[in-house]
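In the two complexes that follow, chain A is the common piece, with chain B as its partner first and chain C second.
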Partner chain A sequence: MLKIVIDGKEVEVEEGLSVLELAEKIGVKIPTLCYHPAVSAYGACRVCIVEVIEKGLSKLTTSCTCPVESGIEVKTNSEKVKKTRKLIVEMLLARCPDAKIIQDLAKQLHVEKTRAPQKNENCILCGLCMRICREIIGVDAIGFANRGHKRKVTTPFEIQSDVCLGCGACAFVCPTGAIKIEDVEDKRKIDMWHTELGKVKCERCGRYFFPESAVEYVKRKSLQDVDGFLKLCPDCRKRVLANKLVCGW
Partner chain B sequence: MSKKIASLRELDELRKRGLKSLYPDKPRIMVGMATCGLATGGKKVFEILSKGIEKNGMDAKLIPTGCLGYCQKEPLVDLLRPGWPRIIYQQMDPEKAEKLLDNINQGNIWRENVLAKMEEDEFLIFDEKRKYPSGSEANLNNTPSYQQLPFYKKQLRIATRNCGFINPTNLAEYVARGGYYSLFKVLTQYEPEQVIEEVINSGLRGRGGAGFPTGRKWIYSRQAKGDIKYVICNADEGDPGAYMDRSILEGDPHSILEGMIIGAYAIGAREGYIYVRAEYPLAIERLKEAIHQAQDYGFLGNDILGGRFSFSINISRGAGAFVCGEETALIASIEGRQGEPRPRPPFPAQSGLWGKPTNINNVETWANIPVIIARGADWFSQIGTQRSKGTKVFSLVGKINNTGLVEVPMGITLREIIYDIGGGIPGGKKFKAVQTGGPSGGCVPSWLLNLPVDYEQLTKVGSIMGSGGMIVIDEDTCVVDLARYFLSFLQDESCGKCTSCREGIVWMLEILTRITHGKGEEGDIELLEQIAEVVKNASLCGLGKTAPNSVLTTSLYFKDEYEAHIKDKQCPARVCRDLITYIINEEKCTGCMRCVKECVQEAIVGERRKPHRIIQEKCIKCGICYETCKFDAIKLE
Partner chain C sequence: MKRVLLVNWEKCIGCRTCEMICSLLNEERCNPTEARITVIKFEEKGADFPVYCQNCEAPACEAICPAKAIYKDDITEAVLVDIRRCIGCRMCILACPIGGLSFHPARKEIIKCDLCKGDPACVKYCPEGALEVVSLDTIGVKRRRENIRKFSSYLDMMTGGKE
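After this line comes the complex of A and B, so read on.
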């Protein structure tokens, strides 16, 4: 067990936690944008920044990537932290003025307007889409391209991806809603990934329900023979299963 | 027969061969053919000499060598003749090369274009000096000696000890000057821990920028658990205006290899990487050749020098990202991932390349190692200041008379570097400031010229040692514009991961651009400082943490210049186009029509023999009229 001080309170914790995880555990709120418990911490948005004092030296660091170490003191809301966090949110507000999550965060931190040059982007480059695609889906269809102010998330060579399943995990996890998935009849379009995929038609009701590549991927990964089920849309699947269980046919 | 060296006797044999090559019994002509020499026409000179020697059937040895550091005087050609001191010729061209050959042929000394004579050669590793014959003193009495030239007088060349002295493609010449003797000493007499102790005691600190004690870095890697460990040479020199690493890579590649082999032995690595930028094709070529030769002679590969230690080196080429000089980004790049820093811990010493303990040092750091081993920690630690030991190579560029690479003991003052070595500012202009440490460094103003240069002192005044770039600026440089330039570099070169660095730099750049366009507002300086503070404190890696330095130092030391831009809408250095006006002085204007004809905008009107006038609305402030006027009638306001 490690002993640390967080916001003036002494706490004992097991090893292996990040400062952010510890804070969550004991009910201290730290705002985050690029953090998601399902994937590895990345430390890009810098919103979860805290002050860590170790051996008399104080530094600012992102709580999501900072491991809890014995003897450190953490201040999650010191004047220095507040000032820094506010300015970072001001930068993000200029980048993505229409993103609700940023507007809410700005309000919460009393940032009324931004003085930084306006950009009108939707993406804050948090990299959650990329991490979920790589770490959870296991596909790695997207990544960062370019450097500095030209950085963006895209597919290799910015053309239709060979491997994107169109599963939509990226859109699901995106904090700003920058990734739009468009389902038009038998196609799924993701403009941001320059990708268009054909969808599978439900054998029972005739509705197009999921991208073919995603269904194929599930087939490949799945150990059971679920072929029959994968030809059905989720609604029909439920019905068929219910009928099987209740009526035995 | 195998060339592999396995004993001191064999190494001595090789050294003898190298000495014969260094001091042949016929004329030896050396042409500075590092990138600086090539850029000024060294290759042409080399070709002319080569053809001339062949045509005349001369018995002379022509070899390419590295950079002597005095880049202002390139192309340099050195002539060594039996019975004579070595003579260094400056600013050579094909015509002069032919003249030189003619004189050699006739047994004369060609006295034009002589930069200096070299009376002795120093073999730093052996602590030995080799006197050249004085020749006929009467002939060379008026020639300054190399050691007494102001440019070299205060220099102490440790890392660049062989640059410009040897043929970098000839391993025997490197050995002749003491090369690989330190490796031999380490492998036969030292336990790995003893090597590390020696490096710790020497006080050597990383020359790449941060100045972390090298020995301590080694010990962390040594103590890290794991059978597989790596050493890396960081040769991703990205600072605009800094090129000391390139010079060592091109002029003395074996010194880096030897340093790395010693380091690998100390920490227990069997494999190493040199991460070198693709923009250095000659350096890569020299490295490849050097690695090949070192393998042939048994300095690299299995069972080095007949012992049980094995080590190999690979070259990994960078694709031109400044941020890849940061160690975790560099590792990511070698692994084939995007060059992007990651949080530490874990430090590379615990988990680096492919997750294995890894030790990274910069080119100049590695080049120091063989000398530290040979001469001992006590000798090395006598050089420099209390906390910064040894020497540092600086690339002296910008508004300075003697552009070049200078290696000086730590603790030397900026004044000595800029005035004594650099020869001051050209054109009688006034020195304004020096930007140390490249784009991430700060601007040190003229009133701090007596600052002793070491890691701590530079940090204290808001700058950094960095890789050793020194960009000298004079009164004609606008510091606001300078800070703007560095930020525009960093805006493109930040990896873009951290919000604070990516968006913060763009924001600061926007403000500075506004100020230079005459649209600065009250409060801009304070806002700049606020953003700078956040970029510095909240960003992950060294790039972000140092990015605002140029803004912070210029706004601190030259606040009046910022205010002149913002409040008075004036650029005191007369650089920012939107803040200057070209005006014709009617009293001086003779009405020659010259400027009228030259003006591309047709913004100047007037008749012959009557004073002309500039139509300000049309003027784009290109300055052509200013340059063309022979009567000094156009002034800048």
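After this line comes the complex of A and C, so read on.
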């Protein structure tokens, strides 16, 4: 067990946690955009910045990437933190003026308008979509391309990805909602990834329900026999089950 | 002992009260599409069958979940989704053989039967008693008793009530 001081409160914690996870555990709120408990911390959005005082020396660091160590003191809302966080949010607001989550964050921190020249982006380059795709789904369909102000998340060579499952996890976790998934009849389109995937047609009702590659992924990963139901949409699976039980197998 | 939600479909009259109460208590509005239980109707056979997540012993959704967001509750043994860990890939929906999970379009969350923390509301509100919560060790006895009852009524039918 480690003893640390957080916002003047002394707490005992087990090893292996980050400052952000600890704060969440004891109910101290630290705003964050790019943190997700399922993937490794990346420290990209910088919003979760805190002041860490170690051996009398104070430093500002992102709480998601800062491991809890014995004897440190953490201030999550000191003047220094507030000032820096305000600047960070101001810059994020300049990049993504239309993102709702950033507008809300700016309002919370009393950032009225941004002094930096405005851009019209939605992506804050936190790389959460990329981390989810690589670490959790395990297909690595997207990644960062270019450097500096040209940096962006995209598929290799900015062409149709041949490994993308079209599962939509990237769009689900994106904090600013920059990734749009469009479902049109028998296709799933992800414009940001230049990808268009065909969907599987339900054998029973004829509805298109999931991208073919996602169905293949389940077939590959499943331990049980899935051939019997994978061609059916979830609604028809219910009907088939009920039919079997009512009319006999 | 593990308790399971059991359905006697012969008793179900297809009134969809279970869907309504499930949606009302979980989503605070009566919308059957947001319910965790669905009554499948067979109009021409006159049969109705409520379908819901079976909270399986070895769930396919738990096995497929790449983010390990699906787990079994220690007390109720219901299969639950950790919304914070969920990455929204919807593989669980695809891997479930009976369509027990669904995706809430507005809240962007996986929804499934969580047995209402061990005390399902659908059981309480079912007017015909078609749904019940049973301890796993009494199911066998229940089924046997039910089969004997059916067999004896069948015998009665064959013999015209005579010995």
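What we mean here is this: the second predicted complex is superposed on the first by the 240 of 249 C-alpha atoms of A that agree within 3 Å, B and C clash if a C-alpha of one lies under 4 Å from a C-alpha of the other, contacts with A are read in each partner's own complex, and residues count from 1 in each chain.
Simple rule for what comes next: contacts are C-beta pairs under 8 Å (C-beta built on N, C-alpha and C of every residue); 3 or more make two chains touch, one makes a residue touch a chain.
Keep in mind that this is a model prediction, so the values were computed, not measured.
S.K.: Specify the outcome, clash or fit, for chain B and chain C once both structures are aligned onto chain A.
M.R.: Here the two partners, once superposed via chain A, fit next to each other without clashing.
S.K.: Have a look at where A:Val215 lands relative to chain B and chain C in the superposition and call it first, second, both or neither.
M.R.: Only chain C is touched by A:Val215; chain B is not.
S.K.: Looking at the overlay, what does A:Gly248 touch: chain B (first), chain C (second), both, or neither?
M.R.: A:Gly248 sits against neither chain B nor chain C.
S.K.: Using C-alpha centres in the superposed arrangement, which angle lies between chain B and chain C as seen from chain A, in steps of 10 degrees?
M.R.: 160
S.K.: Applying the touch criterion given at the start, work out whether A:Pro67 contacts chain B, chain C, both or neither, answering first, second, both or neither.
M.R.: first
S.K.: Touching A:Lys238, do we find chain B (first), chain C (second), both, or neither?
M.R.: second
S.K.: Tell me the contact category for A:Ile124 with respect to chain B and chain C: first, second, both or neither.
M.R.: Only chain B; A:Ile124 stays clear of chain C.
S.K.: By the touch definition at the top of the document, which applies to A:Pro37: first (chain B), second (chain C), both, or neither?
M.R.: So A:Pro37 only meets chain C here.
S.K.: Is A:Ile49 touching the first partner chain B, the second partner chain C, both, or neither of them?
M.R.: Touch partner of A:Ile49: chain B, not chain C.
S.K.: Can you report the least C-alpha distance between chain B and chain C in the superposed arrangement, rounded to whole Å?
M.R.: The answer for the closest chain B-chain C C-alpha pair is 22 Å.
S.K.: Give me the intersection of chain A's contacts with chain B and its contacts with chain C, in residue numbers.
M.R.: Residues common to the chain A contacts of chain C and of chain B do not exist here, since the sets are disjoint.
S.K.: Going by the contact rule at the top, pick out the chain C residues touching chain A in the complex.
M.R.: 9, 38, 40, 42, 45, 47, 49, 51, 60, 63-64, 66-69, 84-91, 93-99, 101-102, 108
S.K.: For chain A, which residues are in contact with chain B within the complex?
M.R.: 43-47, 49, 59-62, 65-67, 80, 83-84, 87-88, 91-92, 94-95, 115-117, 124-125, 127, 143-144, 146-151
S.K.: Over in the complex, which chain A residues touch chain C? Could you list them?
M.R.: 36-38, 132, 136-138, 165, 167-169, 171-173, 210, 214-215, 217-218, 221-224, 226, 228-230, 233-239, 241-243, 245-247
S.K.: Help me check something: in the complex, which residues belonging to chain B touch chain A?
M.R.: 321, 323, 338, 340, 343, 345, 490-500, 502-507, 510, 527, 530-531, 533-534, 537-540
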